[in-house]
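In what follows, structures are represented as structure tokens.
What follows is a pair of complexes built around chain A, which joins chain B in one and chain C in the other.
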Partner chain A sequence: MAEPSAAPWVPNGTTLADRICGLLRINRLTLAKYRFCYLGLVPVFVIYWILRLEPIGRTFILSFYDWHLVRPIKPFVGLANYQELLRDENFLLALKNTTLFAVFVVGISVILGLALAVLLAGQLRFTPAYQAIYFLPVITPMVPMAIAWKWIFDARYGILNYALSWFGVRPIGWLTSPDVAMWAIIIMSVWKVLGYNMVLLLVGLKSIPAVYYEAASIDGAAGWAMFRRITLPLLKPILLFVVVISTINAYNVFTQVYVMTQGSQAAPGAPLRVLVFDIYQNGFQFFKMGYASAEAVVLTLIVLALTLIQLRVIRMDGE
Partner chain B sequence: MRKLLRSGKTGAPGTTRRMFLKQVGAAGLTAAAAPVLRPRVSMAAAPVTLSLWTGYPELEPFYKKAAEEYAKTHSGFKLEALSSQLREMEQKLTAAIPTDTGPDVFDIGRNISLVFADAGLLPPNPPKVMSLVKSKAYHPVVVEYNTWKGQVYGIPFQEGSKPALFYNTKMFTEAGLDPNKPPTTFDELMAAARKLAKKDAPGNLVRAGLSLRLSGQGSGVAEKWWYVLHAMGGDIVVQTKSGKWHNGYDNEAGRAALKFYIDAVHKYQVDDTKLPHDAAAFASEQAAMLMREAWVIGELKAKGPKVQYATVAVPRAKRWGGMTQPWSLYVTRNTKYPDVAWDFAMFLVSPPMAILHLQMTGWTSMRQDVDWTPILKETPQFKPFLVWDKGRGQYTEPAIPVFDELETKLAERLVTAYADKSLMDKPDGIAKRIKEMAAQTDDLLKKAGLYGTN
Partner chain C sequence: MRGESLGTGRATWRRIGVPALSHSVLLAGSLSMLFPFVWMLATSLKPVDETLLWPPRLLPINWTVANYPVVLNAAPFVRYFLNSVVVSVGSMLTVIATSLIAGFIFGKYRFPGKKFLFTVILASAMFPFETYMIPLYLTMKSLGWINTYPGIAAPYLIMSFGIFLMRQHIAHSIPDELIDAARVDGASELKIFIRVIVPLCASPIGALGILAFIQAWAAFIWPLLMATTRNMYLMELGLSTFQFRYTADYHLLSAASVLSTVPMLIAFIILRRRIIESVALTGLKG
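Up next is the complex of A and B:
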């Protein structure tokens, strides 16, 4: 490699590198660093392009076509798929169910996660053990867990109904009754995500300097007032992150719904129809890839809009 | 000619005159040169390895055993069988067939093969196979099932959906019913179910008199409802004289079929969503009666060997019939050995293999020219699946690509209706639900360009 130019900016460089240095107003050493970094990033970017950006872009394009997976003719239909979505009862039902699911799962898991984090941030004994116990569901795979929960919810042999029977509660068809099936999925999903939220919020809590609490206690603040005036405002960035990530994940709910609606002893389809399941069914069962792509685009836009709104609301609140 | 078949475009509207002349010319040359160029050797004299894909893992041992038998008369023949769960296999095939990267032979339901045939991706049956399929070996309904736009695709292999009524003979006796006189009508079926249902002291149903498909997602719920609907005189869709389709259940039959389920669950409480269902419930004696396919016999041998039971044809009401849903074998257009592949597929459905197939898997053959006596001596419960009574008709799914979607969506609405206690003794409520379901069915037919009433 050539010696880096002593001058920070060489206006009349004789090599390409010199010209680039001139254009960017950097020396050759800096250019070499940039080149190394960008070359190092190329493989990652290529993989990211192939696995993420290209499929997302293709999904947007497919959504304007009547793209059947098998049929050779795939006509361009413009916005027809989107217009059809507005009239599709299944899609609207899925949108409603997914929103309901997201509101409850995010709400419950964030509030409970925060409560647990506050408890564990105190001088409790065996805190690491509790953390590990609450975090365990996060690292266990969803499919076996969904199957296990299917048994927990089983009306006749499930441990949940067995426990409830001690209090005189008659067997509940957790998964088979359309009225309660969604609640069963919400309970299972909160259980799965609670530990993740708790750990993040715990990290946030521990990063708040103790000096604020000391100053507040000198001023006579305690308990709820201290939590409201110090903990919550300083926890806001982490809280925002947790809410955004939980919302995105909740809108993408699929695996537990898919597993728990399979078989004759499973949950009914309609009350548990969620957006990703609807996309899966249209795409991979009915092979309507164009239509499923339009649904995926709508889901992306919804999640994007919600994330932006959440960011905006929390920032405005902070200002 | 093979090229014509493999292109899948024979007679397609998009074929140009030039292309047609080229193809005819090529076919002529091939035909003329065939006696000289084609080696007249037995089919598998040279080593041939075929690949076969199945969506039923329990069929894999049968395919391997059959391949061993085939190899006895076709030296050098080998089979590589690949199995996976049905939905996965459907997706594999959907990716592989359009790109000509599939196996030589595969089995699949018509919901998938019809889409391939419609897209010109499957070769229709060659003449030798046609003579078998159109012989008396198969019921005309079965041949019709495999026909799409005048061409027959695949060799009917096994029955995918023919149901019979399974009933527990011990429970019949205990309930004061004669196990030699099983229900023959749906009224008798409900009456027997009421006697067979059992509750515990607090009033919870602990044994279903008749186990029905009440929950879960997927077209199976609607398919089981169709057993009752058909007997009542309805169908999920019906074809008009002009070849269009519309729902066939927004009528007295549809309302009666839904009422049968509502009565069973809420009025007479012969079944409950909270109970275990399906073959598992029958095997564990938590259900006294069940309408299901022949595979349950194998399931009972394994999981409920002590269950005393018999089988009989699904009862009748206004009409008597049994659903049939052939699962067929297809040869792909990309196979290097179409002659061997078709020959092996025909071997798989031959009478000796049909018996082996049933013995090894519990699935019944579609052929009606097999002597089932040895099987029936050993397992008389196979009778309603293998021997067709006089006067008992057969019905099947219509050949329309959108049927799987409309049946799946109908199933979801049925599940919601079954759980709605307010529909009990409310004919108007039932009629309203049926109308909503029917509107959805018609809407899907309209979107597919298939709807019509004349």
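Up next is the complex of A and C:
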């Protein structure tokens, strides 16, 4: 062992280290360990503080100020920003759109992902190949894929409208009106995240011990009954995880909306208003950063609520 | 008799019918997963007039690669690509370094305040980046980091999930005896970290590296705020501004999209299994 413990009653600790050891009633090895721990964590926490903790806190503070980037006077306004939000049609529209988007993308992608995972869990051949194919959109960057989909959705020359014309559907201006653009973006986003949900749920399905299925089949359960009685309850924690993660991600949707519906001079688009876009526009195009921070706080509360629900349910399951 | 024939009928259905049905569903799904890629590639190899055909044709009539040099001359995509590499590699290395040291300390030591500090790190991950980007932007502005590599990479330099992952790995699969033995040999804590711990973390380092790289590469809204001149654009941002300039020229847009997708596709084909594991088993957010 390195050193005997330097007890506090040892007179005249020769070094500063000895004195500290004495004061804290620890031995020198422990002191060396503490020093390593705190010194090692200092750089990590400095980065955390600058890049994450302080900005999180300051978002809340800014939301109480009329904080305009280029105005020198930034008065405290209390809850005025929040009151204004309640009357702001753009914000309410963004909130509604984002919620609708989240509900549909999560609903569709989780149900489809679960169905695909169930198919793959049946020890099918080529499972790795299927996994890779469905995972491909997850891994490819968003912008090129949004452009590819924009081209598929093109009203005049788009291949989707052509395919629909076989069924007698007249050309749809997918990205020219916000209502329809919502569906185009939902389809694109489901395509993008489906493989992620599928792979995660497949992991969950495979972790269900076979004995449960054996026991249930002895009791005569099969097919849908087996799925409902055995699979779903045992899959609940990971299913919940997938739902919450997907919902949080859906609430932060921005890139595909920006690329697919932001107009340019050649082709005026109909911007689909979502929360992050609204924050971006208020904060960085109109420079109303206090107001945008209030919006960010609302988004934070939504996400926190979802996370807490998840933690709660998991804890209740554990008990 | 009747029951028996029903039994074999059911067995045949199980052996052949169910897999056949599953495969046809999965195959149809696979085609729709792959179609946008195929369509993008095909469009990029068409001359402009063939993109405006009605009815559209899947494959080009006159195959051409002429769109690619046009794209490369119209915008500095090589520069965008290199910027993305710099930011993604920088993010990857920093995330690995901070996660290793913090994961080791949280995994193998006891010290006052440990639980609190660890909780702070995990709790901070519950806040999506988009919710605190405004103050972060102001911080970067006061540091003079707007339009610089560190500024663009800033939010991607840390990952709470990385610290969690390393802590789990180090706490559970590296035995305390190994560390104690090194200590008896007179190694300092730092030396133990570098000589004993880091070499035993190859597998989580790989997983975390992939995760951090992908996350930084996919960054969009932050580079949109931070990069103010074209020479600092990352691939994703460069491509989106290119899109606003050539709105309707899908032969060019497709070629540019292919260019920006190919590096990731190659990486995916090589590291397929590792990537699926690290992304799926963990969740991309951190």
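Details
Note that the second predicted complex is superposed on the first by the 254 of 319 C-alpha atoms of A that agree within 3 Å, B and C clash if a C-alpha of one lies under 4 Å from a C-alpha of the other, contacts with A are read in each partner's own complex, and residues count from 1 in each chain.
Assume contacts are C-beta pairs under 8 Å (C-beta built on N, C-alpha and C of every residue); 3 or more make two chains touch, one makes a residue touch a chain.
Keep in mind the model is a prediction, meaning the values are calculated, not measured.
Once the two complexes are overlaid on the shared chain, A:I248 sits against chain C while remaining clear of chain B.
Of the two partner chains, chain C is the only one touched by A:V276; chain B is not. By the document's definition of touching, both partners, chain B and chain C, reach A:Q262. Of the two partner chains placed by the overlay, only chain C lies in contact with A:Y134; chain B stays clear of it.
Comparing chain B with chain C, more residues of chain A are touched by C.
Of the two partner chains, chain C is the only one touched by A:V199; chain B is not.
Of the two partner chains placed by superposition, A:L164 touches none, neither chain B nor chain C. Using the contact criterion defined above for the overlaid structures, shared-chain residue A:V70 touches chain B, although it does not reach chain C. Once the two complexes are laid over each other on the shared chain, residue contacts for A:F287 go to chain B alone; chain C is not touched. Look at A:I20: by the touch rule set out above, it reaches neither chain B nor chain C.
Chain A residues in contact with chain B (one complex) as well as with chain C (other complex) are 157, 262, 264, 266-267, 284.
Across the complex, chain A is touched by residues 87, 91, 94, 97-98, 115-116, 118-121, 202, 204, 213-218, 220, 272-278, 280, 404-405, 408-409, 411-413, 415-416, 419, 440 of chain B.
Taken together, the chain A residues at the contact with chain B in this complex read 68-72, 89-90, 155-157, 170-173, 175-179, 261-273, 281, 284-287.
Residues 1-2, 29, 32-34, 36-38, 40-41, 43-45, 47-48, 50-56, 58-59, 62, 116, 119-120, 122, 124-126, 128, 130-145, 147-149, 151-152, 154, 157, 159, 162, 191, 194-196, 199-200, 203, 241, 245, 248-249, 251-252, 254-255, 258-259, 262, 264, 266-267, 276, 279-280, 283-284, 289, 292-293, 296-297, 299-300, 303-304, 307 of chain A touch chain C in their complex. On the chain C side of its complex with chain A, the touching residues are 18-19, 22-23, 25-26, 29-30, 32-34, 36-37, 39-40, 43, 51-56, 98, 101-102, 104-105, 109, 111-112, 114, 117, 120-121, 124, 126-139, 154-155, 157-158, 163, 183-184, 188-190, 193, 214, 217-218, 220-221, 224-225, 235-237, 239-240, 243-245, 247-248, 250, 253-254, 256-258, 260-261, 264-265, 268, 272-273, 275-276, 279-281, 283-285.
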